[in-house]
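Note that subunit A is present in both complexes that follow, paired respectively with subunit B and with subunit C.
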Partner chain A sequence: MTIPREDGRSAEQMRPIFVKTGVISQAAGSAYVELDKTKVMCGVYGPRQGGPGIDKVEFDRGRLDVDVKLATFATSGPRGKVAQGDAEREFSSIVHRALSGAVMTETFPKTTVDVFATVLEANGSELCATIAAASAALCEAGVAMRDLVSACTGGGADGPNALLLDPARGEEAAAEAGVTLAYMCRLGEASQVVATGTWDGESLDDAVQLAASGCARVDAALREALRSSVPA
Partner chain B sequence: MTAPVLPGEPLRHADEVRSGPGTYVRGKSVVAAVMGHARTTPAADDADDKRPLVEVIKGPVVTGDATGRGGGTLLPEVGDEVFARVLRINPRQVWCEIVAVNGKAVNDASGFQGIVRQQDVRATEIDKVDMYESFLPADVIRAKVLSLGDQRSYYLTTARNELGVVQAKSPFTGEPMVPVSWQEMMCPSTQVKVSRKVAKVD
Partner chain C sequence: MPSPGASFVSPGESNLAAHLGKGSLFGHGFQVSLSDDVTSNVCGPLALVNKLISARPLRSQYLPEIGDVVLGRVSEVLAKRWKVDINIPHDAVLHLSAVHLPDGIQRRRNYDDELDMRARYGDRDLISAEVQGCFSDGSVALHTRISAYSRKFNGQHIQVLPTLVKRGKRHFCDFQGENYGCTDIEVIYGCNGLIWVGQSSKEAPGRSSFDADTARVDEAHDRFSYVQRAVRELICRVANSVRVLAALGMVVDPHNIIDVCQHSTFLGLQPKDMMISSFLNHLVRERGLV
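What follows is the complex of A and B.
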C-alpha cells in the first residue's frame, strides 16, 4: 500500500539522519542529531560529586539527571510557554527512562551525570532525535552503557492500518495513533515504549516491528559517527 | 591497530577471558560498555584465574602500557593515588579538593571532596597528631584513597613516607617552601622552619 507523504517518502522510509559528536567543547560528551528538519543538540557533563540532596546520595550507584529544553523558536506558530514547560517535563522523563535502562549507574557511585538536551527545531520525531543524541553524547563522555539506545516512531495517519515510519510534524499532528520505541539494537532489548491512541495487539506488534527497523538505521548512523571519533 | 569498539558490541567468549573495566558480561559474551579500544592483558602467573583480562580503554592504547585505566570516566577508586588541595581544617580532620587521580587531572567541575582524618595522617603515634602542624589550607598533598567515605567525601590517608604535603607556600613571602625533614619545611628567603606532614618525594 502506498500512502502519499508530505515530503514524497514511502511509508517505511526514514528521513535522512545526520549525527555529529564532539560539538560542545566544555562538555564531557556531546552530540548533534538531525532528522531532516528536526534538530537536537545534547551535552553530557560529569560525573560530578553529589546530587540534589545529601540524603539522596546512593553508595552503590550514581544518578542520571536528564533535562530537555524546547527552544522557543523550535516550533512555528504561536508558542505557549506554559504548555511548553509541561511538554519539556514529560519529554525529560521519557528520555530519562529510555536511557536509564542502558546506563550502568553502578560504575559511578555517589556521583551524578547530567544530560542537557535542547530541541533547536521540532519537525516531528524530536523525541527520537533527542534519545539518539543523548545516547551518543553519553557514549562520547565515556559513561558505561550496556548498549547504545536508538529510538524511532511509527505512526498511523488513518489509524493503525496505514503505518508511517518516522512521521514529520504534519503527519504527527494528523496521526490518530503512534508508537515510539527506544531500542538497544545490539542487545535486542527495548528500554522504553510509548504508545498513544487506540491499538489492537496485532497492529501494535506491527508498529513496534516497524519502529525497530527504524531504530536499526539510527543505531547504524550513531555507530558510524562515534567510531570515526575514536582516537586511534 | 584494531578497530574501535562501542557499547553493546561483543568482544570475546566469557569462558576465554575475564571481564575488566569498561566491559560487562552478558550471557556467554564479554561485551564492551564504553567506547574505545579493547586491550587484552595476560593473567599474572600466580593468579588463580588464568584467563586473560579484557578491558576497554578510551584514547590511544600504547603497546605494553599498563598505566592507562580501562573504563570510561575518571573517578577516584579505593587505592588510587590522588593529589588534593587543602581547603579547610579542624582539630579532627582536613577537607580537601581532589585535583588529580593517578597522575591525571580531574575535570574542574566534578568537585570531588576528600577528607584526611586525624588517625590517617601518619603511621605512628596516630593519637598525638596535631592537624594544624600537619597541614594548612592551600597546601597540595599527595594521598591514597582509603574508602568511598561518607555522603560528601572520599576518605584519604597520608600514613606513608611518600604521602603528605608536596607543596606548601611560605607564610611570609608566599614562595614554595623546601622540605627539610619529614616534619618540617623551610621558607627559602627567611630560613624559618614550619611544621608539616611532609611527603618524601624522590
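What follows is the complex of A and C.
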C-alpha cells in the first residue's frame, strides 16, 4: 500500500540527515542536526561541580541535566511560553530518559553534565533530531557512553496500517498513531519508546522495526560526522 | 565493528579485542565485559603505547596529574584552605599548610596565618600552583611550596585548549626581551590550558617573619607596579602569539611562540594586528601546515 507523501518520499524513506559537530566554541561539546527542515542545535557543558539536586543522586554517580527549548520562531502555530512550555518540558524529560540509558554517570561522580538543546525549526520528528544531536554533542564532549543513541519515528498516517518513517510536520499532525524509538544500534538496546494513539501488538512491532531501521541510518550519519571531525 | 587496524573508535563498538590484536591491553575509553568482550565508550583517535590501547576523547577536559603546573583563580577562601578553579569538574583545594611562607620558613601554621589568608591569596586572585595529589572522586589538592608559585599581577592570561599545552620540563619560561628593547617577561604554561604572560616578578626582598601588616603593604606593592610601554607591548605580542597558535590548533610552547613573534616583527605587525587572517594564512604557509 503506497500513499504519495507530501515531499515525494516512499513510506520507508527518511529525509536527508545532516550532522555537524563542534558548532559552539564555548561548549565542551556541541552538535547541529538537520532532518531536512527540522533543525536542532545542542550544546553540552561540564562536568561541573554540584548543580541542582546533586545531593539527591547516589554519591558515586553524576547527574545529567537536559533542557530542550523551542525557539519562538520554531513552529508556525501558536508561539510563546504558554503554547510551547508544555512541549518543552515533555521533550526535556523524554530526551533525558533516552540518554540516561547510555551515559555512564559513574564516570563523573558528584558532578553535573548539562545538555542544552534548541529546536530552531520544528518540521516534524524534532524529538529524534534532538536526541541525535544530544548524543553527538555528549560524545564530542568526551562523556563516556555505552553507545550512541539515535532516534527515529514511525507514524501511522492512516491508522497503524500505513506506516510512514520519519514523518514531516504535516504527516505528524495527520497521524493517528506514532512510535518514537530511541535506540542504541551497536548494543541493540532501546533506551526509550514513546507510543501515541491506539496500537495492537503486531502493528506496534512493525512500527518499532521500521523506526529501528531509521535509527540505523541516523547512527551511521552520527558516526560519520564524529569521525570526520577528527583531522586525519 | 571497526575496520581492521582502525585508528578511531566511537562509543559502542564491540568485539574490539579480535580486531586490534589478541594480546592488547585496553586502557582509558574501553570497558571489558565479564565475557571478555571489549567495548569502546568514548569517541576519539586510538593511542598505542606498547600493547596498551587507549582512546582519547576528541575534546576532553583537563585531567590533572601529580606534578602538573597549573594556573587557577581563587574562587573561595575557606577555613584553612582556598578553593581554586583550575578548569576541572571539581574545585581544587589549596591547604594553608601547603603554601610557602615568605622567606621560606618552615613552621606550623597558626591562628594568625589563618586570619591572614586573604593577604596571601584573596578572592578572584590568579595564582600559579602545582598539583599535589588527585583523589578518586576527582578532587585535586594543590601546593605552592616554592616561591615560583605565587599570585600573578601585571600581565594577562589566555585560555587555550588543555591539549595544546604539552607536559614538559619547563613550564616557567622567560621570554627574552632584548630584541624588543625591554626586559624579559614571564610566561607560564599551565597544563590546564591557562597561559600567563606578564611582567617578570622579581623575588621580593626577604621578610624576616610573616608579619601581617608589612605583608599587606608588600602585597599591595606587588600588585600595582608600573609597567613600561615596551614591556606592555611585548606582553601583548606574546599573548597574541598564544592566541594565534590556539587559533591554528598548534602546540603552545616556547619554540612556537618565539617563531610567531619573529614572524610578526619581520612583517612589521603591531601586536594589535596579529590576529588578522592574512597573518594566520602567512603562518600556515610558512609552517607548511597545508
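Quick note on the criterion: the second predicted complex is superposed on the first by the 222 of 232 C-alpha atoms of A that agree within 3 Å, B and C clash if a C-alpha of one lies under 4 Å from a C-alpha of the other, contacts with A are read in each partner's own complex, and residues count from 1 in each chain.
One rule holds in what follows: a contact is a pair of C-beta atoms (placed from the backbone, for glycine too) under 8 Å apart; a residue touches a chain by one contact, two chains touch by 3 or more.
This one's a predicted model, so the numbers in the text were calculated from it and none came from an experiment.
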(request) Could you tell me whether subunit B and subunit C fit or clash when both sit on subunit A in the superposition? (result) clash
(message) With both complexes overlaid on chain A, does A:109 touch subunit B (first), subunit C (second), both or neither?
(response) both
(message) So in the superposed three-chain picture, is A:19 touching just subunit B, just subunit C, both, or none of them (first/second/both/neither)?
(response) neither
(request) Tell me which partner A:45 touches in the superposition: subunit B (first), subunit C (second), both or neither. (result) first
(request) Tell me which partner A:98 touches in the superposition: subunit B (first), subunit C (second), both or neither. (result) neither
(request) Please work out whether A:223 is in contact with subunit B alone, subunit C alone, both, or neither, and reply first, second, both or neither. (result) both
(request) Scan A:168 for contacts with subunit B and subunit C and give back first, second, both or neither. (result) neither
(message) Between subunit B and subunit C, whom does A:208 touch in the aligned arrangement: first, second, both, or neither?
(response) neither
(request) After superposing on chain A, check 165-173, 201-209 or 255-263 and name the one in subunit C that bumps into subunit B. (result) 201-209
(message) Taking the stated contact definition, name every residue in subunit A that is touched by subunit B in one complex and by subunit C in the other, in rising order.
(response) 28, 46-49, 102, 104, 108-111, 139-148, 184-187, 223, 226-227, 230-231
(message) Quick check: in the complex, which residue numbers of subunit B touch subunit A?
(response) 1, 3-4, 6-10, 22, 24, 26, 31, 33-37, 58-60, 71-73, 75, 107, 109-113, 148, 151-152
(message) Which stretch or stretches of subunit C touch subunit A in the complex?
(response) 8, 10-14, 29, 31, 39, 41-45, 57-61, 89-91, 137-138, 249
(message) So in the complex, the part of subunit A that touches subunit C is made up of which residues?
(response) 22, 28-29, 46-49, 102, 104, 108-111, 139-148, 184-187, 222-223, 226-227, 229-231
(message) Help me check something: in the complex, which residues belonging to subunit A touch subunit B?
(response) 28, 45-50, 54-55, 57, 59, 102, 104, 107-111, 139-148, 184-187, 223, 226-227, 230-232
